[in-house]
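Following this line, the structures themselves.
One chain, subunit A, links the two complexes that follow: it is found with subunit B in the first and with subunit C in the second.
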Partner chain A sequence: MAEIRLENVWKVFGKVVAVKDVSLTIEDGEFLVLLGPSGCGKTTTLRCIAGLERVDGGRIFIGDRDVTELPPGKRGIGMVFQSYAVFPHMRVFDNIAFGLKMQRVPRSEIKRRVQAAAELLHIEDLLQRYPAQLSGGQRQRVAVARAIVLEPEVLLMDEPLSNLDALIRLQVRAELKRLHKQIGSTTVYVTHDQVEALSLGDRIAVMKDGEIVQVDDPTTVYENPADVFVGGFIGNPPMNFLPGEIAAPKKDGFLVLRAAGHEIPLPEEFVPALQDHVGKPVTVGIRAEHIEVVPEPTEGALPAQVLVVEPLGSHLLLTLEVGGETLKVMVDTDLRVEPNAEVWLRFDPAKIRFMDRETGKALLP
Partner chain B sequence: MTSPSSRSASRPSPIPPYPGRRRLTPRERRHRFLLYMAVVTIASWVLLPIFLIAVLSFTPREEFFNWPKPLIPSRFSIETMAFFVKSYGVLQSTLNSVWVALLTIGITLAIAAPAGYALSRFVFRGREAFRLGILITRMFPTALLAVPLIVLYYRLGIYDSLLGVAFIHAAMALPFAVLITTSVFVGVSRELEEVAMTLGCSRLGAFARVTLPLALPGLAAAAMFTFVISWNEVFAATVLTTTNRTLPAQVLTNLQASPPFFRVAGGFFMTVPALLFIFLIRRYLIQMWGGTPSER
Partner chain C sequence: MAPVEAPVGTHRPRPLRQRILGTDTLLPYWLLLPSVLYLVLFFVIPLSQAIVVAFQDGAGNWTLENFPKLRRWDFNFLPALKWTFLLALVIVPLQLVTALLIALLVNTRFRGSQLFLYVCAVPLGLSDLAAGLIWYGIFADRGFLNSLLYTLGLIDAPITILTPDERWWLFGAVVVAEHWRATAIVLVVLVAGLQMISKDYLESAEVLGANRWQRLWYVVLPLLRPSLQAALIIRTIFAFEIFAVVLALAGDFLPVLAERAYNWYFFRQNLRFASVYAVIILAISLIFTVLYLVFLRVREEERR
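Our next item is the complex of A and B:
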């Protein structure tokens, strides 16, 4: 097993900088998710690790080896593609055995290892079929089996679930997580789906415009986004953002947040970090589930108007307007609200996040 | 079809295991009928002349002008055919034609396959210019090029050689062949090669083990196309040779001055190798259009 280390990796296509000075260490046995919108460079980063793209700058290490100049086949990786890329002219058995045959593994051992890999993915009954006779989910399992049968130190997956139906996707997602626990390869997983990222990753690296914006465990990425982009990209619904201002109305050291013409007192632990920002404009970020809806005017609550009510089964999703801004709020289904009703919103002060209005960067670490 | 049965066909029912076996709605029946009509029409458009020419070339000479013609001649006669085949240079020129066609296929594929691969896989400077430029060989009528070509061929020492004819045929076939091979390689996903490379293949190994087997049907189509072009070509083969003539160059001028039964025999004789070749290559074509490897 091995850790993966990227040092100042660059990749440029013509005038487009796909990967911009990315440095990242992925620990041995870790499941790291590269997350970002399409075109952010996450797939290119993965392909650089795989050796399918030559880097234009920087080094890549797998374990102690500098693999920057090595071809894909010599890097000790296994890769799974979005399109499955199962060889259509070979039976499932030969697909899985392909890499072993390339390594000239003895035939009896090939048979044993293909069988083992197939059993791990529950496709042992399909070994004699051709890919054309398989469903999408089965094909992706073949692709995964083909990658892990070589017992690679590093497993790379490029949006492996995107081509699957929603139901199968949930199932295969859980299987991938179990599989990672079982084989323990260092795994890099590329996706644009934040739910996949949150559910699978030990850590998530969020990318934007070729750069890594934040690398943290899923809870931190969700709770403490590094900037407005991460907060808006992760979570469904995305984080709410409001323009506001930090103020110190009294001399007792307490701070308040001024937003939509009202003041919200802030908890003491925010004071050191926000002291320097008193009087400056900030962007306030708050998750939909950290806003409480109350029917009566309350101290420290903002008046809002209900625009849309969407029942989601387990919750109600409200779209509200506060001082010209639109907010999404998640509430319990027993709350009775009608569109156009006037309600009051109480933010959970501990869950409020502050970003610099200009740079969008989080003000709290 | 009567209305009750059509109603029963439209009733929601469990999905039948074989969609082709269930009863067809009148609409589907009509479509199927039209489809078969089209198939029969197109097939007879191709087959009828071949059939007629085949029958006529084995019809005894004295019955040739009989009218109405019987579908089957009263007597199977190889007399005309034998005379044609034994006439001067036919066998040798047939052999020449086969050689030229094979050489042409070899030269064409050796150029068209890499060219098509490059066009389908890589973005390079001048790619679009190359795509268009390859049509240049078809821009000038061969008649215009005849004299310069003859001079050039003399200087290169390939005048009146089979290889020389193969070169000009390859030049004629290349635009189409590159068109075909490009689309063939576009059809083989790049990710398949990349997977093979992550599994330990070199780029060349990935091409040989994955891309080539999958591209074979399409390459066969390109080969067939090339064969037909070479087999049919008369003008270049005539002006660029004096003794080593291909079959069309050898016989066409003579046949024009021959009685009709010789023309028919000659025509049939020239058709047969092309038919044989298509038959040999047929399974690759069927595979390419609608077959799966499992049906192999």
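Our next item is the complex of A and C:
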């Protein structure tokens, strides 16, 4: 019904290329998150889809329609702004009804649809209030209700949670997910918060310097980052990176990873992808929860020194030093470690990721 | 957290600056003092004196007699009232529309919009008498307008625009001159107001399908209300005080209230009638200010 298709979209501001040859297809009914650091072009991409920016190249399709030259009001979209942009001089009812009024929908139908949208967001008791009398979370709901009351094929959200305090953010996040299941509009959601992206997205498109680096479902983006940037941007703590080298010490076809002066044997399934890289430098990526801390020297374990111990409630976050590199490791709270203690680290070999040392790109199995 | 205890026995004399300025809560009032003094000295005192004079007779008794008396003695009183109101009625809305159009144009931030704004604001720097004289130079028999029309071959002989026989021509000339002179103040207030309206509101309305006019009508103008109110109050008050431009272009052939006050004070040395005029101007200004405050008020809950 309404997939969104971006074909080689460019947007340039003066000398800055904000969106660089982006091509992306968002499936009908999908919840796609555009994720990236500030200035990566994610908001500009969203604004191009909305029609608030004219693209400097490429085409944008919504459903079967080429909307590249259409004004925002004719694209069949709803949009929620970071600032909510709820009109301060109108009551909540008139805010939600605004789009319907512009379409000259009959009065009785406006009333019915505003009521329905308000109920969907649990703000039906606030319809006669002015925005100044609402909390941030309530204003945010008004903004969402105002966008969905038009039953848009496409819902665009620009960092809708970033102005809320942490507790409400969690609550609204879950509710946005429920809402999407309920109304099923194709949704594009911009955020710089990787936790939001992981929790909301059917797929995540990670952007950097105006380009899409990776588009995948949250698990894949988390477990198999396309490059060092994605691994370092997603996850809290971010993925650990170590310089290493692939070696084939024996003739039996097994490979080992040489890092920090030690060797870690690698599982067989890595062989096809890594064969060509034997003897070459690589960057080793491993998540904090895929490292095991053992108290004494073990086969295939790297010696490390504990620098910092941070109890996070459910886990302990350790900062360790291995061969001059700093690693973050997540361990159970029952492990007793003190700063300066010497420990040994065992990597889960199946969870190790390899990147080209030069380009940072993943060498995928 | 360690409990914070009030220091005991550490009473030191307060520094001199603090003793003079008092606490921080008093400081704003000290800062206001000079302007308050100025206003009291040059506005409140003369104004109260004028009010006292207007409501007393020669023997110092309180009376309302001066008002009907003025009407009987000054056959230009009703015409002055009429022309002042007509001028305000025509000039203020005209200025508001012009200023709004220019402000909206400037707010599109086209290349050179800042320069354009400065050029439009130039008349702000002129005294009203100077502005009146400039337009006299344009409208006079041998003025710029006639020269231009003659050079273009549109007329054979100069048209006399500024003549006592054609009151409405005089009126039109004053409207044009005043429009040129005093629109800039409205413009500046509206440009400032427009710049305070977040772009998000407009884009939001655009996504919701509002066209240019609907955005102006439903979003921009309501959000601009505080600025419109301020601009209208300023302009209307000044419009009822209109004086030098009229004097330069029409002399006393187009009587207005302020010109009457001036006339009675300087030429007939009649302080009482001059004061009565001053009180009338004050009353009209007050009434309009209150009307604007009531009808254009932004309710507390509508504030951003």
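Brief remarks follow.
The working rule: the second predicted complex is superposed on the first by the 363 of 365 C-alpha atoms of A that agree within 3 Å, B and C clash if a C-alpha of one lies under 4 Å from a C-alpha of the other, contacts with A are read in each partner's own complex, and residues count from 1 in each chain.
As a convention for this text, a residue touches a chain if its C-beta (ideal position, glycine included) is under 8 Å from a C-beta of that chain, and two chains touch if they have at least 3 such contacts.
All values reported here derive from a predicted model rather than from experimental measurement.
Superposition of the two complexes onto subunit A shows a clash between subunit B and subunit C. Using the contact criterion defined above for the overlaid structures, shared-chain residue A:Leu335 touches neither subunit B nor subunit C, since it reaches no partner.
In the superposition on chain A, contact is made by A:Gly73 with both subunit B and subunit C. By the touch criterion defined above, A:Val105 reaches neither subunit B nor subunit C. Contacts of A:Ile183 after superposition on the shared chain: neither subunit B nor subunit C is touched. The contact surfaces that subunit B and subunit C form on subunit A in the two complexes overlap at residues 50-52, 71-74, 77-79, 81, 83, 85, 87-89, 98-99, 102-103, 129-130, 132-133, 146, 150. Those residues of subunit A that touch subunit B in the shared complex are 50-52, 71-74, 77-79, 81, 83, 85, 87-89, 98-99, 102-103, 129-130, 132-133, 143, 146-147, 150, 156. Residues of subunit A that touch subunit C in their complex: 50-52, 71-74, 77-79, 81-83, 85, 87-89, 98-99, 102-103, 129-130, 132-133, 146, 150.
Per the touch definition, subunit B reaches subunit A in the complex via residues 189, 191-192, 194-202, 205, 210, 213-214, 292-294. Those residues of subunit C that touch subunit A in the complex are listed here as 198, 200-201, 203-211, 214, 218-219, 222-223, 225, 298-304.
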